[in-house]
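Look at the two complexes coming up: chain A is in both, with chain B in one and chain C in the other.
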Partner chain A sequence: MTAIRAWALRSSAGWLFGGLCVIVAAVIVSRSGWQWQGQWAVSWGAGTSIVLSPLLAGVVAFDVHRFLTPGLRLLTASAQRGARSVVALVVVLTVAAAVPWFAGMSTTSVRAAATGAPPLMTTWLVYVALGVAVLGAAASVGLLVGTLVPHLLAGPAAAALVYVGPILVLPLGLQGILSVGGATGPTYGMVPNPTVVAATLAVNLSLMALCSVAALGRLGLRPSFGKALPIALVIVLAVSLVALVSSDPRTRSLTGTTDVVCTGTSPETCGPTDASAVLEVASRDLEDASSRLTAAGFTFPDEYALDAPTMPADETRGLLFVDPTTLQGDHMSEWDRGLTLATPAACPEFYGDAVPVELLDAQAALSLWFVAALSTSEDIAPTDPDTVAAVSTLDALRACDSSALPDWDYATR
Partner chain B sequence: MIALRPGRWLTTSAVLALLAVTGWLSRTTFVTVPLLQERLPAPLLIAIAVAAVATTPLHETFPDLVRTLPRARTVHALGVGAVLVLACASMYPALATSTRGTVDQQVALPLFLLLLGVALVGVALFGRATPLIVLALGLTTLPVMTAPGNPVTATLAALPDVVAATMMLGAAALLLARGPRREHAR
Partner chain C sequence: MLVAEQVHRAYGARSVLNDVSITINTGVTALLGVNGAGKTTLLSILAGALRPDSGSVRIDDEEVFGSSASRRRALGKVALMPQSATFPPHMTALEVVEYLTWMRGASARHARIVAKDALRRVLLDDRASSKIKTLSGGMVRRVCLAQAIASGAEHLCLDEPSTGLDPQQRRAMVGLLAELEGTVLLSSHVMEDVADLAQNVLVLDAGAIAFAGGLADLADLAPDGVDERRAEAGFLSVLTSSVDTTPRQ
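Moving on to the complex of A and B:
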């Protein structure tokens, strides 16, 4: 405890903590939309590790270079508990980085819960475990670089290594090394893939242990187990890397679930359970819009299914498009609402090899018309030529029949 | 050579040369960066790295000894000039020949000049932690500036290169006036 207290006062932990708090806040508020899905919120909050990890590695290397002078290294190597002192420095700095990271992830989780999209506890715990492993690994890389590079550039070198390393291994299908989370879009109906999580944890933990052992060895603090531990760690690292690369699908860290929830009545909106917050918003908006349009002669499907990879598409249900980043308050964007109303069926042609140009053109024109018609408070005249053409277009799109589309030039006017 | 080694000039020059070559090779490359939706032009990363590394020789090497030298201020002024030349020369291959078609490519030069300015001020105010402060600013800027509708990219894109260069030179003047921050002797 004495070493921890001493390093807490002497090291750069205070500056690191303050700086990282500002950085975490800046990164988290830079985007919106994540609060509408628990999984995305946790991943976005945890994603600050992509900036935090390199800086933690840099500061550890900087402090190791600054404090562990040749004289102090001699003293440390000869001291009975020398290794503990070095480990204490790394622990203090890691905690100084982990607290802002954890606070950021907790903030996004609480914000999502307040929006009605709380993250699953298992997902949250997985990200906590991954984050701790990632920050520990980054700190250990910083420790190793700090002991190897006797130069002021040790800090930037460690930071660059931890930042660029994960980018360089991305093409190999390796995700989650020295960074965790960072989703920039919703992942409806997806949960962490246990195989990938286990392999990612093993990679980061073995990297952390290997770098720590190598750094302590470099400082003359050789553990009593000789070469057995480093060899075992190299084997574990290699096996876990192979497991991570060969995970199927190898770059997917998430796997789909089949749980579906429906909200609303006319129309009903359905989607994965973790999309319930956006489904409620969409259901309200579509109900208001369809009640106005039905009076003008439009017939909409009883059910819309969220356009998500885990949702089966069929012709009896419309497709629901909701981009959480464009939600305005508690309302869909007018473009999402128009596109959803103009897609009353998930036609098989949409998923075929040939592009259904006529259907897509009609969908685009109808979507534009819906946006314009719903943007005013005036009643929609059923006898207006555009309204008649729009009704016919919607019916043709519901039947997925391009031959029934009217000759309507609304989009090109 | 004896003066160059403790002054970190050799190592810094070698790293900057490596960054210049990397910048030249990747001048038209876009890289996938975690936490970002779109791919980023590699010169942006090179700009952050050059700004973080370039001012390393300006930190005091022998604090007590330097103050006894009669030409310390002149040597320091020459050092600041040399750092500016080295930094700009290292950044030139990445920027001069790259197409500046996208907004992200357009902001590379002002971002580099501003970060270099921060680094110069940092040498005077923050001391040896400056490279990490520049890295922290640069790495935080990337996810923030690529967020939809953010004001950072618009501000950087609207900032004329001349203004950014003037701000950087102002930072250099501040460093010349104040000198590097005195480090505690170990």
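Moving on to the complex of A and C:
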């Protein structure tokens, strides 16, 4: 019986794999809209670090304590394949955890690709690599804890350590160091920061190797490379940490891409290429809405650009807000549509250090008015005082001129 | 041939082995000593399971703690039966022996064949599919011996193989040990077993070799007037003289 077969049959790998498969399936089935969530698929990455890593570390520590009994430790230390058999246990458990996670991430990505909103392949691959590295590091921490804590508490101790570790390093400016990251909202036009990705990979891989070497040393399986490898790993770890600490916190996780695509004519909607599917929906919905509003005296820009880092301030075009998770069938949500119509210009003030309170208040009020006006099938009366004020507000927002805003506060009515 | 030279090992500030040098030849050699004398540590070091702080161990001229290649070759020639026969309780006897045999370098197929044969030799072939947790203490000791036998190693280090067994099981174990070939170094507290099995004896006291010689030589050290259990009396005599002449750590 090889180590892989022995551990696959007798370790906690079966329970871990089965349990995670059920959880992943439940997550996929319980939520709709995955087809629009090309970028959301990468949010599975965050799950790796938040849930899966502590769980894996705990299970590894528990099994190391459970299987590497004192008798077996002695025999392992005196066997030719001792180190390999210990590593095999960690690998089997890591694979049992990684495969369901990978399957979930792949499923959502495939569903997204089927409807024209695939995640960027490079982004997807980066998150897979980061996920594997983070899981590997967590498993190795579990291995080390399992060899250090001669008690069933090894499992909870390892899980707690891996869960708390990323939190403890926050004050050092090392957020995200032991996690994959991911997204909790749309990330159109964003790609992982390559420097940070490389440093994070290096940190996790060197941590994995260091913990493994230390654990194998604890088990009497001192490798023949002496102190050379641990020293090299410590250097890699230190350099990677310095690279992370010195990176710009604003682009720590994601940075913008520059490829832009436009669709539709009245209005034209533009955004990063990975947002092409939602751009079509937005263009269609905005055309329908603006045609009703134009008859009441409103004037809208010819172009809306998706609110993304790649879209600089530009007063000639409006800002498009589309949260893919709030899409209702093939339509924007009424709130996204209202907010987009109420943002007819990407004013420079929106990107400055000072908060343009008056412009934002007017935008919010106008957004609510559009939501209310478009929610009924009644014609919008051009002479209605609210309509007049709304038209003036929209014109002021198009000009990015807060002094031209009328004395109208629809939001407080 | 197992050779240890100037082997020293300490646990923290406490020295357990003090520059031990021994040579173990083919046949059964008994390693005697009181509790805490360093027997388990010495056996573990000879089997490559524990690294000495200083000194060297060679098995048929291969350094156990030398280069990777040398260590691999040395470990292929020695097997350890640890005193603590704790195995994963959910694995079957066959799985344990098979797994440990593979771990020692055998192919998966060969490991299965020799594991079955080793369990047959220790009279556990009918319990090969039983989980460790369902076996008695004596049976687990036999599983522990089976994994050493299955290795096919020419040198066996057996740490108190009959400890904890009832008289019947002990006799069965002695019978099994008597069939072993090659170099066997076994530690024991049971002088009857030693008398039945060993040709040579090492007495370890306070981490140092206090006696090395034949069983008859040990019996010759028995005080005058002792006619029975002379080897045991000789052993006690060695310990007494060792206390008188050797400073304990």
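Keep this in mind: the second predicted complex is superposed on the first by the 331 of 413 C-alpha atoms of A that agree within 3 Å, B and C clash if a C-alpha of one lies under 4 Å from a C-alpha of the other, contacts with A are read in each partner's own complex, and residues count from 1 in each chain.
We take it that a contact is a pair of C-beta atoms (placed from the backbone, for glycine too) under 8 Å apart; a residue touches a chain by one contact, two chains touch by 3 or more.
Nothing here was measured: the structure is a model prediction, and the numbers come from that model.
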| item | value |
| --- | --- |
| Which superposed partner A:2 touches (first chain B, second chain C, both, neither) | second |
| Partner chain(s) touched by A:82 [first = chain B, second = chain C, both, neither] | second |
| Contacts of A:163 with chain B and chain C, given as first, second, both or neither | first |
| Chain B versus chain C as contact partner of A:23, first or second or both or neither | first |
| Which superposed partner A:148 touches (first chain B, second chain C, both, neither) | neither |
| Which of chain B and chain C A:179 touches, first, second, both or neither | first |
| Which of chain B and chain C A:69 touches, first, second, both or neither | both |
| First (chain B), second (chain C), both or neither touched by A:220 | second |
| Chain B versus chain C as contact partner of A:54, first or second or both or neither | first |
| Partner with the higher number of touched chain A residues, chain C or chain B | B |
| Intersection of the chain A residues that touch chain B with those that touch chain C | 66, 69 |
| Chain A-touching residues of chain C, taken from the complex the two chains share | 44, 47-51, 67-68, 71-72, 75-76, 78-80, 82, 84-88, 90-91, 95, 98-100, 102-105, 108, 111-112, 144, 147 |
| Touching residues on chain A, where the partner in the complex is chain B | 12, 15, 19, 23, 26-27, 30-31, 47, 50-51, 54-55, 58-59, 62, 66, 69, 151-153, 155-156, 159-160, 163-164, 166-167, 170, 179, 182, 184-185, 325 |
| Parts of chain B lying in touch with chain A, wherever the complex brings them together | 8, 11-12, 15, 31-37, 45, 49, 52-53, 56, 59, 128-129, 131-133, 135-136, 139-140, 143-144, 147-148, 150, 186 |
| Chain A - residues contacting chain C, complex | 1-3, 5-6, 9-10, 66-67, 69-72, 74-82, 84-85, 220, 222, 224 |
